[in-house]
Each structure stands twice: as structure tokens, then as C-alpha cells.
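Please read through the structure below; I'll follow up with questions.
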Amino acid sequence: MTLDIGVIGVGMIGREHIARLANTLVGARVVALADVDARQAEAVAAGLPGASVYPDGEALIAAPEVQAVVVTSWGPTHATYVLAAIAAGKPVFCEKPLAATAEACLSIVEAEIASGKHLVQVGFQRRYDKGYRALKAAIDGGVIGAPLMIHCAHRNPAVPEAYVSDMAIVDTFIHEIDVLRWLIGDDYVSAQVLKPRNTRHTHAKLDDPIIVLLATKNGVRIDGEVFVNCRYGYDIRCEVVGEEGCATLPEPESVVLRKDAKLSTAIMQDWKLRFLESYDVELQDWIEAAKSGRVDGPNAWDGYFAAVTADACLKAMHSGEVVEIVTPPRPAFYD
Amino acid sequence: MTLDIGVIGVGMIGREHIARLANTLVGARVVALADVDARQAEAVAAGLPGASVYPDGEALIAAPEVQAVVVTSWGPTHATYVLAAIAAGKPVFCEKPLAATAEACLSIVEAEIASGKHLVQVGFQRRYDKGYRALKAAIDGGVIGAPLMIHCAHRNPAVPEAYVSDMAIVDTFIHEIDVLRWLIGDDYVSAQVLKPRNTRHTHAKLDDPIIVLLATKNGVRIDGEVFVNCRYGYDIRCEVVGEEGCATLPEPESVVLRKDAKLSTAIMQDWKLRFLESYDVELQDWIEAAKSGRVDGPNAWDGYFAAVTADACLKAMHSGEVVEIVTPPRPAFYD
Amino acid sequence: MTLDIGVIGVGMIGREHIARLANTLVGARVVALADVDARQAEAVAAGLPGASVYPDGEALIAAPEVQAVVVTSWGPTHATYVLAAIAAGKPVFCEKPLAATAEACLSIVEAEIASGKHLVQVGFQRRYDKGYRALKAAIDGGVIGAPLMIHCAHRNPAVPEAYVSDMAIVDTFIHEIDVLRWLIGDDYVSAQVLKPRNTRHTHAKLDDPIIVLLATKNGVRIDGEVFVNCRYGYDIRCEVVGEEGCATLPEPESVVLRKDAKLSTAIMQDWKLRFLESYDVELQDWIEAAKSGRVDGPNAWDGYFAAVTADACLKAMHSGEVVEIVTPPRPAFYD
Amino acid sequence: MTLDIGVIGVGMIGREHIARLANTLVGARVVALADVDARQAEAVAAGLPGASVYPDGEALIAAPEVQAVVVTSWGPTHATYVLAAIAAGKPVFCEKPLAATAEACLSIVEAEIASGKHLVQVGFQRRYDKGYRALKAAIDGGVIGAPLMIHCAHRNPAVPEAYVSDMAIVDTFIHEIDVLRWLIGDDYVSAQVLKPRNTRHTHAKLDDPIIVLLATKNGVRIDGEVFVNCRYGYDIRCEVVGEEGCATLPEPESVVLRKDAKLSTAIMQDWKLRFLESYDVELQDWIEAAKSGRVDGPNAWDGYFAAVTADACLKAMHSGEVVEIVTPPRPAFYD
């Protein structure tokens, strides 16, 4: 059975997912497109035999030929399309963020529960990265005992002027927020943000680096460095310290060189390459699950929890205070 | 366009390739099967909608619905099927060995040249491994200058009694024979084999370990350890020493553990897992190339050259002498 | 010229320093001993040709034959002996702590300044570790640019019941307090302590692990994990993140093993072995400096600053609050 | 007890040993000097209180005040002084080579046996390197089972024109010859030398790199690369492959840097720094042993065996043949 997919939003990430579905993944095809820029949608459709262009996302979702929906439009529009897909009873894969506010995320959660069907997956691709999966397998396998602390860092060589302080949380650290919670099967209860002196390579509107401190329900303490003008490369690090040992995220495979007085491996410069394979795995996994009426990846509740946590981190960053992270209890629907 | 493939031989490797073509790769489907054990072929066909079973490989090759052929039958039958595919003008992917003897390989080379079409690919999957590709990219990019030496090792935790000394060359070191030649773009001119004392874990009919010494046309010297009862794991190592530096094959990605007084990463035990992804890349690459009438992977000449080299290594192993590796010049057809 | 040394306190660390001075180091000899347990002092003297036993530390310090003093007695007695050595105008090497309270340390600082001579060195041996020295050389050499953050950990396999929470600061983290300040040439301005859930391997009176957060005058942020029942080994880690790159303390040299499905190096179990060589370097360096009337190692001000910082960390640990670290400005005497 | 030492030869290595004995080591002092250039000896003596200059090595050896002798003169003169020291019944530490020919080494062996006293140590300092010692401890401790193969490399960034092919054996690989034999407690029985193409960075009179193949009495096979214009650094590598696992010489401790798109450690450029500490350990160890009438380090038989092996390697290099390594059985005196 082939899953017939409609894609809303044909910007960069949308086109990447379309190419993935067309050329790399199996069991699905793109049959429908919509974009706020209709000409752009037409241009993409021209390269996709059998794909129709719809005037808007709602029309695409409503189309009988569309069995499942991928939302890759502008962030503020996500919630509308996700809610429409739920209303139509169709599986929907929505790129992060699930919605522009935690409240809107919660509405999605409520709508999904009301629908009685598991329909919504959020695009947190790190859960599909081979390295993080191996790390989770070690933790779940009891290799290091109960987790006590996580030390992690999210470093990027440089960001443009348009990247301002809040983005360190909502665009960058948001990946740690989702993946760490999944890694240790725990929820956050408070956030604090430390501000070291700024690097000389930052911009006027960006505090860089910062350190985010999270505490979890089980008492795990996390320190997460976000440093987006670190110069030397795109570097994602994560060490989980447990009662019996520590496990660290693998470095990406790299040829070992002995040259020019150095024994070295390469550090990537381009974040897109770092998790490239995980996007394929993520979307292939979603296709299989969607066909079976399941959501195996990050669900609407995860999207909501990430939003609440990000809000708390922002508040902590602006206030310098420890901020509590409060949500209703997780609905049994998501157990 | 979908490539309609017939598979000859549904043993373990045959079934793995069929599963790959059915579930993981894109642009191809298995439409025909043949096996010396017809019931086995029927059983596999039962799980493959639209696949027919043919009484023998020749009939499968001749079937109009078959556009390309995968040969995964018993080694001694390979040449017959490959020659039949050439005669039928159909692309053929043949698992190693291309043929049982170097002479038979050469007949295939001659038949392919006579056909005027590039049709034959041999299943040396290491050329598709991410690590070897990165290593070749470093060499081709001039990072280490002109290669002078290669130090490598092919280690396996243990082999059964049925594995005898010659298999260290024809089943094990054959992978190094192909991949090293490709890595440095060079041909071998002589072979010598050293026999260290045997490990106490070997069997009566197996000299283990051995060290194969190869010299190339450009004067590169290779020492290749083959140690198939090394106990500790499946471990493939390769260091290329060049005029400006050295480059080493990456270790497979692994979680770093600090536990029980050790800082460690895992070493695989199962050879099948080590190059698992490379089989997918190999076959996907072949599908694309076959559709375009190209052979981008190891071709018939490569299969022939590997056979001649393996013969020389065997002779060197049995005699203790340095054995010359002699072939006709490479036909322009393969430039 | 040989430096004639008197040692006050012949417990474990005292006897180690005596053995060092007698057998390994050059340019000094132990001529005088004192200990609260006179028989113990006699016993040690019996193995030291030419060494006399004095009834108490004061008598030893006053003895004309004693040119320099090593204080390795019980912590609460340190200040008295150090002050006596200053009064006698003799160089004194005092094991940590310099004194039992920050106030007592400050009295020593004032006495030393009043004496007009540089006489006091405190036994913070990590500054003499080859690894830390290489790390400092990289920082001072501008390799990583201006420091912004330090991530570090001090892990020990296990501690006895007698080790209670405050000791995590005053006996364990005290080493980081001194060495990090020296590493980046900066002073601390505040401390905060986080308490993750306790490991199941801790005791009733010990919060383990903890995370100490320090901020410096220059805005560097430090997170230091102290985990003294980590099971897996004695492991000291330190990463300094700068504006142009990161530098990490080297792992101690270790044979690399490939065995039992693991690629591993050993992690030490015994903290005494980790910095063993640095004690030799430290004391040899002190001998040379003492002969020249200099103090090149951690001085009285450093001992005072460490004491003030430790007090702030303790207060932070007990209160859960951010605690300021306040000292008078550093006297010009110590520039 | 202080050992009163006479040093013959005050060239670079002589002066280094003198400085070591004067400033770093304990239990010995330099009381006598001799050099073919008397003014040079006088100049060195000027900085050594209490040291006398003797007109020649023989006079120095005969002087009653000299209890032990260090020979650091020009290689061809070594045998004469060592024999004189034996005749005088005085312990002698002789820098490599023990003598200019294997025959002369054998005469020394015979003279020492005839004297009935263990007097001669040869300056192969690698046995005192911390890394090699850890490697030997792992082997001797049975960690990797019985050794089967050794893969090693001796690389140097560059050599001057004066360094010709034979020096790759007698000055460079000679260190591997001694240390590997000690490492696995085995003797060599044959040598072969392979010549890869020359690096473009070599000189007219130097084949560089070469690969030396050694076989031992127990059937261990060794491949040793010698590459003295490798450009990238001074790099000593050694992997011992045993029946149960492999053990590798540690890399020297180095700060780990993340900078400029590389994760790197430094590779030394200067060979003198690589084994710097081992010279101290070696000479200190010799002092202790000499006082007790023992030789714990490389003895005259080891010096002889190294000379015979080097001769065989040279013959193998010049002839391209496998050359047997033949010595009389080891005298019981050296058991």
C-alpha cells in the first residue's frame, strides 16, 4: 500500500521532504501540494508526476486523494493545518514547532484526544539519529544505571544578525528539550539560565553563549550549553551520568588523520549534514506508523511539553530566576 | 521508471537482496525468481506479490519481463548466468566471486567487451561503505599526498571447522584485494604470505593468522593481516600512509562508556552488521546505473583482477615464495 | 646548596613527603621531625640518618639547623605552625588547608606581608600536573581565545561513611577551586550549588553528586560536578570553552586494548596515582624557589581565596541560594 | 651511599647525562670527565664542583675515585672503554652501540662472563618509557594472551642529507630491535626488508620508507615501518596482537582541542622530547643497580643481539633476501 501524501509549504524544508518522499523513501508518494506562493507550488509540482496543486492547505487536507499530511509551512500557520488534519481524521507530520504558543499546542492535544485517534507527529528528528538511539539503548538497557545528570552542548560555528537571543531557546535548544526528555523518559520541573560573558563574535541582540539548567521530576539535573558562534564547528555533545557509569553520544564517524603535527578528525561545519540521515529515518518511520494508525515518534503532547519548557527557559533567561515548569498531568491517551 | 529484476538463487544472501529491493530501495521490483530448489523459490515468491518463479536461471534471464538480473546462486554457477545475461544484453549484478576461476572471469570480460555494452557488476560492497568512501575522498583530495604504504587487518572473532586456510584468501582477504586497489587506484604486481605461529584458537586445517604482502605497480607496499579467530570482535582496519600524512579508516560510531574502570567503545561481533548499510547503497547505486546503461561499481575487469590476485596469494601462501601477479593490460573498454 | 628541612606531622602525607625528599628529589634533606605522637616521629627518624626529633612544631621551627618547614600535621594546627615559620623568617610548605578558617588564612596573609618576605606555599599539587600545565599553556598561548566557560568533573569511585556532604567542598572540590582560578587567571564572584537526586550508592550524611556553579570576575561560568561514589573510577575532567575553540584536560596515558568486544583504555581507581608525579614536581619546585627566597606555587593569598570560596560554596550548598564571594582586593605584595 | 661516576665523552648526549646526574637524579655525582677534546672536558668540568678532568678514558677508568663509568664518546671507541671498565671491575653504562661490530660486542660479552661480574648496561632507553612499560605489563599479565604479531612504525618528520639508508637500521630501527625483543621476551631468527616507492621528500642516498619484517623463535611476525621523512611528526607506534586481544602503545598525553573544524591532539616534532623522561628513569635505575652489583637494564648480551640483528637487517635490505639471524645460545650468565 502506498501512502498518498499532501505537503503544505514548499519552502526549503518542504522541498527537502518532498525530494525524500520521491527519491529515497518507500511506501509513499506526494500527490498534493499547497503553498502561500502558488507559483512556487506549481514549480515544485512540475517536477512531481501526478501531483496536484491546491489553492490552500485546508483544500489540500480536505482532498479525498490525500491520505496523510506533511506541514512544512511558516511556523505560525502550523496549528491551523494540524487542527484541520485532525478534524479530517488524517495523519499529520508537522515540522517544529507544533504551534506558536503552548496554549495552541494544548488545543491540538485536546482536539486529538477528542478525535480518539493518534494522528499528530512533530518533527523532532534527533530521536531518529543513530547516535542518540544508541545512547538511549544503553540507558534503557541499564548499562549506566539510573541517570543522575546530563551535561550537553549545542554549538554552531556562527549565526547571522537576524538570530536573536530568544532563538537560542526556541530554534536551537528546543532540540535538546525534546531529545533529552525522550532519552531519559522524564519530565522537566524547572529551568534556570546562566549567562557567561559574551563571545566577541556575537551580535548586539544575542547573548552567546548561555547555559540552560533543567531539573526533572526524577531529580536529574541537566546543564546545556548553547553557543552559536563557537567558530570551530557544528558540535552536538551529550553525556549522561548514571549511578553505575557514564555514556556519551558518539562523535560522527570521521577519517583519522595524522598530518601537520596533528592527530585529528574532522568536525562538521554544516548542521544540515549532522542529522541528515535521521530525517530519512524519521519520515520513513512516520509513513509506516501512519499506515497503521499509530504515532511512534514525538506526539502532540511532546510538542506541547516542549513549548511549555521553552516558555519557561525564555522566562528564566529574561528574569535570571529559577522558573517552574508546570503542565497538567499527561493524559492517559499518550501512555 | 521501475527496474524489473529477476533474482537467481534465493539462499541467505539472495533473500537479503530480495528484502532490500522490496522494502528499502526505490526504483526497482523483483518480478522473477529461480533457484536450484524450486520449492524454496516458490516459498519466497509467495511473499512477493507479482513475482513469478522460473524453472532455471537461463529461463529467468530469457524472460521478456526481466530487465536486469541479480545472481546470488552457488559460486560455481555464477559464470554461466553472467554470460547468459550478457548474451541477453541485460544488466547483471553478480555476488562475488564473478566466476570460479580467473580464466572464467576473463571469458566474461571478453564477452562483455564483445557485446559492446557495460552490463556486469560484481558484489564487492565495501566500496559503498561510508568509511571507505571518506578514506578514498581524503586520498583523492590529496590530503595525505601520494600513497606509499597500506597497513590493514581483517579480523573475525571465530570461524567454524569448515573454514580452511584457502578461505582466508578467497572469502576473507578478497574484500581487501578489491577495496584497496580501488582505494588507491593502482594494480598489484606481486604477493607474498607470511605465517606467524598459529593462535591456539584455530583449527587443524587453518593457518591463522596470516599476513599478506602485496606490491603495486606504483610501488605501494601493503601488509594485510587476516586473523579470523581473534576472539575479540569483527574488526576491519586500514591505514594509508602517504607522502604528506596518514589517513585511517574510521571506527564505527559507538557510544563512549565510562564504566567498570574502563573508558570504552563497543567492537562489533557480527560481520553482517559492519557493512550492513553498504549493501543498501551498493544495490541502490546499481539500480540507478543499470537504468542508464552504466556500471559504476566493481566491473567484470575488477572481478577478474581480484581472481588473478587471489590465485597469486594462494600460490604464495602454499609456496612461501613471492609470486608475480600478471594480467593482460586493462582493455580500453574499462577506462 | 642543600636545603635542610623540618617536617611537622609524620602521618601518611608527611611520610610520603619525607620519602620523596629522601629518595627522589634533589637539593634538600630532612633534618628535623616533630609529631604530636613522639614515638611515631622517633620511628620515622630511625630510618632517616641525621634527622633529629623535636618535642613540638614550635621547637622544630625555632631550631637553627632547620632552614625550611613542611607542615603536614592535622589541619586545625596548620595556621599556628605557618605563623611561627613566618615569625622565624623561614620558608614553609603547608599542605591544604592553609588554615581552618578564612579569617585565619587572612591573618597568615597579613603576617607574611608584614614580614616583607615571600615565605608561604600551600599544597595544591594540581598546578604541577603535566596535563593541567599543558592546558594552561594552551590557554595562555591564546589557542582557544578568551575563556568563556569551564565544564569539569571530579569523580571518585566510592567514599566511606565518614565522608559527609561538606567534605565534597572542603576536601574534594577545593582542588578545582584552586586550579581553575589559576588556569584562567581569574577570581570568583559567586557560587551556587545544585543537588541532583542522590545516587543509590551514597550514604545517609552525603549528598552525592552535586554540581557547583561558579561565576568569575571576567564573567566566566564554571559548572563543576562532584560525584564521589561514581563507581567506575577516579576521573578528573576539565574542558575550557573559549572564543575560538575548546581545550580539554588530557586523559592519563593508557595502553589501548581491543579485547572482549571492547576498544578500551583503563580508568584509574586510586586517586593517589592520578597526581602522583605532580607531588614530586611540586616539592622539587618549592625547594628551588625556597632557596631563592621566592614562592612560585600557590601562595598564602591563594590559600585564603580558596578558603573564602569554599565557605561560599558551603553556604550555597546549605541554602540553595546564589552566594557572593567577597574578599578585600589582592594586596600588591602578591602581584 | 653516593655513586662516584666518571663520564667519557662530553658531546651532546654526554652533557645531557651529566646535567641529569647533577640536577635531577639522586644517589650519584660526576667526579671525573674525559674527552678527546680536552678543552671541552675542562669547560664542562668548570660547571661541576669537584669534578676532575682525565687525559683519556683509560686514565679515568683507572682512577680510584671513579666507582662507575658512563661512556658517551664516539661510537667506534665504545668497545675499548667498556672492556677497560670490565677489566677494572667497574660498572659501565654505555650509550648505543655497545660496539662497532657484532664481533666486538661478543668480545665484551665474553670478557664480562670471564670477569664473573655483571657490569655492562647499554643505553636503550625505550625500555624505561612509561608507555612501553605499561604495554609490557599488559603482555606479561596475560591480558592479550600469547603474542602472535607486532605491527609498528618509527616515523620522523625529516632527516638531513647526511642520513643514509643504513642509518634507518643502525640508528633508527635499532630501538625497535631492542625494545620489541624485550617486550615479548623472544629472540629474532630472520629478517627481510621491503622497499616501497620512495617518498618525494627523501634524499639521493636514502631509501625512505622501508618495512622491516622480523620472525622470532616463537613464531611471532613483526612488521616495522621506518619512515624518516614522514613530514607530519615524530610518531612511534606499536600494536601487539595476541591470542586473546590486541594492546597498543599509548599516544603521549596531549590536550584535546576542538578548533578550526578539527578535533585534534598534538603530535610531537622533536624526537628528543618523546622519550625525555625515560632517560632519567634509565639512568636512575642504573645507579641503583650499579650500587648493588646488578645490571637490570639492557645488558651486554642484549647489545650483542641487537648488533647481530641490525647486521642481518642491513644484509636483507641490500640483498632483498630473507636473512637468517644466528647467534650462539644465550650464555647462562645472562639468565
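Going in written order, the chains are labelled A, B, C and D, and every chain counts its residues from 1.
One rule holds in what follows: contacts are C-beta pairs under 8 Å (C-beta built on N, C-alpha and C of every residue); 3 or more make two chains touch, one makes a residue touch a chain.
Chain identities (UniProt): A, B, C, D = Inositol 2-dehydrogenase.
Predicted model only: the values in this text are computed from it and were never measured.
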Report the chain whose mean Cα position is at the greatest distance from that of chain A (Inositol 2-dehydrogenase). D
Contact-pair count is greater, between B-D and B-C, for B-D
Roughly how many whole angstrom separate the Cα centroids of chain B (Inositol 2-dehydrogenase) and chain C (Inositol 2-dehydrogenase)? 59
Return the distance between the CA-based centres of chain A (Inositol 2-dehydrogenase) and chain B (Inositol 2-dehydrogenase), expressed in whole Å. 39
Distance from the mean Cα position of chain D (Inositol 2-dehydrogenase) to that of chain B (Inositol 2-dehydrogenase), given in whole angstrom: 45
Junction residues of chain D (Inositol 2-dehydrogenase) - those touching two or more other chains: 231-232, 244-246, 251, 258-260, 265
Complex contacts: residues of chain A (Inositol 2-dehydrogenase) adjacent to chain B (Inositol 2-dehydrogenase): 23-26, 130-131, 134-135, 138, 143-144, 244-260, 265
Looking at the complex, which residues from chain A (Inositol 2-dehydrogenase) come into contact with chain D (Inositol 2-dehydrogenase)? 231-233, 235, 251, 258-269
Contacts from chain C (Inositol 2-dehydrogenase) onto chain A (Inositol 2-dehydrogenase) in the complex sit at residues 145-146, 148-149, 151, 153, 194-197, 199-201, 209, 211, 213, 215, 218-221, 223, 225, 227, 230-232, 241, 243-246
